[in-house]
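Okay, got some structures for you below.
Two complexes are shown next, each including chain A; its partner changes from chain B in the first to chain C in the second.
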Partner chain A sequence: MTAVILDGIVLGLQFGLLGVGLTVVYGIGGVLNLAYGQLAVVAAIVMSITMRSGLATGPAVLAGISAAVAIALLLNFTILKPVYKRDDEDRVLLSLLLTIGVAFIIDGFLVWRYPIEALSLNIDWDPVSILGVRMRAGSLLASAITLLAGGALIFFFRTTTTGKAARSVIQDEVGARLCGVNPAAVRTLIFALSGVLAGLFATTQAMTSPVPISAGFDFTITALLVTVVGGLGSIRGAFLAGLILGVVNAMSSFYIGSYVTTIILLAAAALTIVVRPSGLFGAKA
Partner chain B sequence: MTADERPVSEQSANHPPPGTISRESSRRTFLAIAAAGLALALVPIWIGGSRTLMGVAITGLLFASYAIAFNLIFGSTNQLFLAVGALAGVGAYTSAIISDRLGVPFPLTMVLASGLSMFIGGAFSWIAVRRSLGIIFTGIITLTFSLAFDNLLLGQRGLTGGETGIVVDAGSDTFLRNQIPPYYVFLILVLIYLIGYVLLHRSHIGWAFRALRDDEIAAELTGINVARYRIYAGAIGGGMLGFAGALWAHVEGFISPATFTFVHVDVPALVMLVFGGIGTVLGPVVGAAVFTYLGEVLASYSQLRLIADGILLIVLFLAFPQGVIRALGLRLNQLRASRKAAP
Partner chain C sequence: MLEVSNLSAGYDAKAVVLDVSVNVREGEAVAIIGSNGAGKTTLLRAICGLLPVSSGNVQYAGTSITNLAVHEIARSGIAFVPAQRHLFPEMTVAENLALGAFPHRPDPDQHALVLDLFPRLAERRHQAAGTMSGGEQQMLAVGRALMANPQLLILDEPTTGLAPRLAAQAYESLAALRGQGMTILVAEQQVPLVLGIADRGYVLENGEIQLEGLASDLRGNPTVQRAYLGVV
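Our next item is the complex of A and B:
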């Protein structure tokens, strides 16, 4: 029981990290990036390839994260430009359709060039005992990285001027502009941040289970569910929702079975939307 | 994608805005449907000799019917149902399982199955209206249904055959399994859907659809029961999807989860509809025809297919956010206007 819950927490923290990357972009750009999971997969594949060609793990991880950031920025500066000229639901809808196209291109390219590539990072330290449960070092390291990243995010958004400016854009784009905040600059920063988070997620995932090239769509859906349950645009909500969904996932896949788990997760998300359309911490519906 | 986004030139003067069907223009619409039907009826003369190509053409018509139903739900009432494949799958699996397991005649089970899809479609709309979910949340909630349905199909091996799918016996001893007749059956279905679409939009329901799509609050204030008409659209569209899916199951004789996934049905249906023109009568058929043809041309480059699809999607949405039919129609109108102005 404890082991299952701990596993769920390890998973949930990562879900949260993944969700934050999607939710900040939605909150700030009003853009739903459905190619988000593919960013993580690209990061993973770049890590895998560079490591195979002899690069050490550290630099390879950096290379992977940079690749995700580069693609995120490329999207922000090219195909999303016309999207920003629209408002509200039109903006979300167009961004969603365009990024589906991007997801197809990335998936198609990976299937074409690297059909069997997958990233796994083996952490061969000794297992550590926590609450009487022997935890794999990989899981612990993944959780530690995620917690650090989460802490850094909260620090960034709560205390730094840039972070506060970013939050002001989430709350009210026009108001922020009137106060001298440049939404376009904030958007660029946040897109880069989402690339970093996608890359970090790929790294931590690979420490517990391999990341294949086909995982993009699943990652996006997971991020979307986390985001919706947590409340679009809420960072706290994303982490809490990630934890809840992670534990639910671990429990039901241990006690019930894997396909029912997915259905339970989906039902939980659907129920959250129906009962509380703004999510656990969402400001706006 | 709302009405007020359209260029003024298109909305003005003697041409009614697209989507509006006046009595005079509806005669032209029926003529256009007849012409499209005639053109499509000639397709088997061209490719009737090849079983593979006929199969492709039938799939094209299947997607045309999906796109028409999706057009009714999304184009007419702004409800983004990302469960096109799932609703069709509900129809297909229900009809196949009931007819094969219980020995009920399949025409009856097809009606039952589309009733179930109709109920689910209506329920989506009811939930969306009740909780006043916007386009995006309606999209996400229907997407979760799509994914859950896919998992259910994979999980319930005993009933659905899991990933490998099931062979559908019902219908195997009829003309539905011949090479050419099912094409015409599907063509008739598409024509019925098109005529139904036009008739629906000519009725008071169509007026309500246009009002609530253009401005929901204004529609509500003029006394239109927005909830009821949304549910009409969701239920009718859902039923259309379920029936098309069920017919496909009995024609093809084999169904598997892959036939109804979000990626294989919803995304292409959305692309076809947007390419043809959301809210236009023949847009879905034009989109389905063009993409079926393109798909066949690109089939030999199957490895690059996904990339090509992605590029196409992006280019299309950036270049023709209002659809090709409207883009072309707009050019014609401009030409006519400039000619009038010239002398």
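Our next item is the complex of A and C:
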């Protein structure tokens, strides 16, 4: 039981980090990026290829994260330009259609060029005992990285001037502009940040289980579930929802079977929406 | 200081304000009065960059700011307090005020000046802006706008949603600001209040300037008295 819950927490922290990357882009740009999971997969594949061609793990991880950031910025500066000219539901809908197209293109390219590529990062340190459970070093390192990244995010959004400016755009874009905040600059920064988070998620995932080229849509759906349960645009909501869904995921795959996990996750998300339509920390319905 | 010449603006190619010219000199308080739907908000939003100017020109401190981005106009020294206030509801009063100074760090002197004007904001500094009363939110909106030490303060209907006593208080603080030398442009339906602090005023009806003059003259004008001051 303890072991299952600990596994769930390890997974849930990563879900939270993944969800944050999607939710901040939605909060700031009004854009639902359905190619988000593919960003993580591209990061993973770049890491895998560069490592095979002799690059050390550290630089390879950096290369992978940079690739995800580059694609995120490319989207922001190209196909999302017309999206930003729309408002509200129009913007969400158009962004959703365009980015799902991008997701298919990336998936298609990967299947064509790298059909059997997958990233595994084997951490061969000794297992560590926590609460009487022997935890794999990979799981612990993944959790440590995620917690550090989460801490850095909270520090950024709570205390730095740029981070507060970003939150101000989420809460009231007109108010932010009247204070002298340039929403386009904030959006660029947040897209880059979402690329970093996707890349980090790929890294930590690969420490516990392989990341294949086909994982993109699974990641996107997980991120969407986290975002919806946590409340669109809420960072702490995303982490809490990630933890809840991670534990639900681990429990249901252990006690019931992994084939129904997705159904149970969706049911948990649906239940949350019925009880709290705007999510755990949603600002408004 | 601010010179609006022959400005037209509106929504979807339909002009709401037409060929409007308004000027504000340094140290002046200028009122734009008019009934609901007269085009006051449209005029102010066009000046501040929130709506495109379809023709005409806005000059500020000798340079054209026509159709600049909102944040550029804000950084040039014009602070706009919209009627809806547009506060950051989940941030504390202190955080809202600090963002008013963006992209700079808040200046302690300016901060002290704002809290001096609105002592209530100091009491509420850790409270989320969205949970405050309408009157307090109005104070915060003005306070946030003042944090950047603006040269020109523009307000749209600062009495929106306020009880008469609070509306009068809002104008008392504007009078205090004016006493400190702040240049103010304010649109208002509550004409007696705004003419109490203004040096000059413009009457805007159906998107056009109908009348302009010294506040004292406007108060004595029969048309203004009939339409806005309740004199029969």
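Remarks
The rule is short, and it goes like this: the second predicted complex is superposed on the first by the 285 of 285 C-alpha atoms of A that agree within 3 Å, B and C clash if a C-alpha of one lies under 4 Å from a C-alpha of the other, contacts with A are read in each partner's own complex, and residues count from 1 in each chain.
As a convention for this text, a contact is a pair of C-beta atoms (placed from the backbone, for glycine too) under 8 Å apart; a residue touches a chain by one contact, two chains touch by 3 or more.
Keep in mind the model is a prediction, meaning the values are calculated, not measured.
With chain A as the common reference for superposition, the partners chain B and chain C occupy compatible, non-clashing space. Annotation: apex chain A, arms to chain B and chain C, angle 90° (C-alpha centres, rounded to a multiple of 10). Contact with chain B, but none with chain C, is seen for A:107 once the two complexes are overlaid on the shared chain.
Note on chain A: of its two partners chain C and chain B, the one contacting more of its residues is B. Once the two complexes are overlaid on the shared chain, A:243 sits clear of chain B and of chain C alike. Judged by the touch definition given at the top, the superposed model places A:190 against neither chain B nor chain C.
Applying the stated contact rule after C-alpha superposition, one finds that A:61 touches neither chain B nor chain C. Contact with chain C, but none with chain B, is seen for A:174 once the two complexes are overlaid on the shared chain. Of the two partner chains placed by superposition, only chain C is touched by A:182; chain B is not.
Looking at the shared chain after the overlay, A:165 reaches chain C, while chain B stays out of its contact range.
For the pair chain B and chain C, the model built by superposing on chain A gives 10 Å as the shortest CA-CA distance. The touching residues of chain A, counted against chain C in their complex, run 161, 164-165, 167-168, 171-172, 174-183, 283.
In the complex of the two chains, the chain A residues touching chain B come out as 32, 79, 82, 89-90, 92-94, 96-98, 100-109, 111-112, 217, 221, 224-225, 228, 257, 259-260, 262-263, 266-267, 269-270, 273-274, 277, 285. Here chain C touches chain A in the complex through residues 48, 50, 69-71, 74-75, 79-80, 82, 85-91, 95, 98-100, 102-103, 105, 144-145, 148, going by the rule given at the top. Contacts from chain B toward chain A in the complex involve residues 1-2, 5, 80, 127, 131-137, 139-141, 143-145, 147-148, 151-152, 154-155, 263, 267, 270, 274, 303-314, 317-318, 321.
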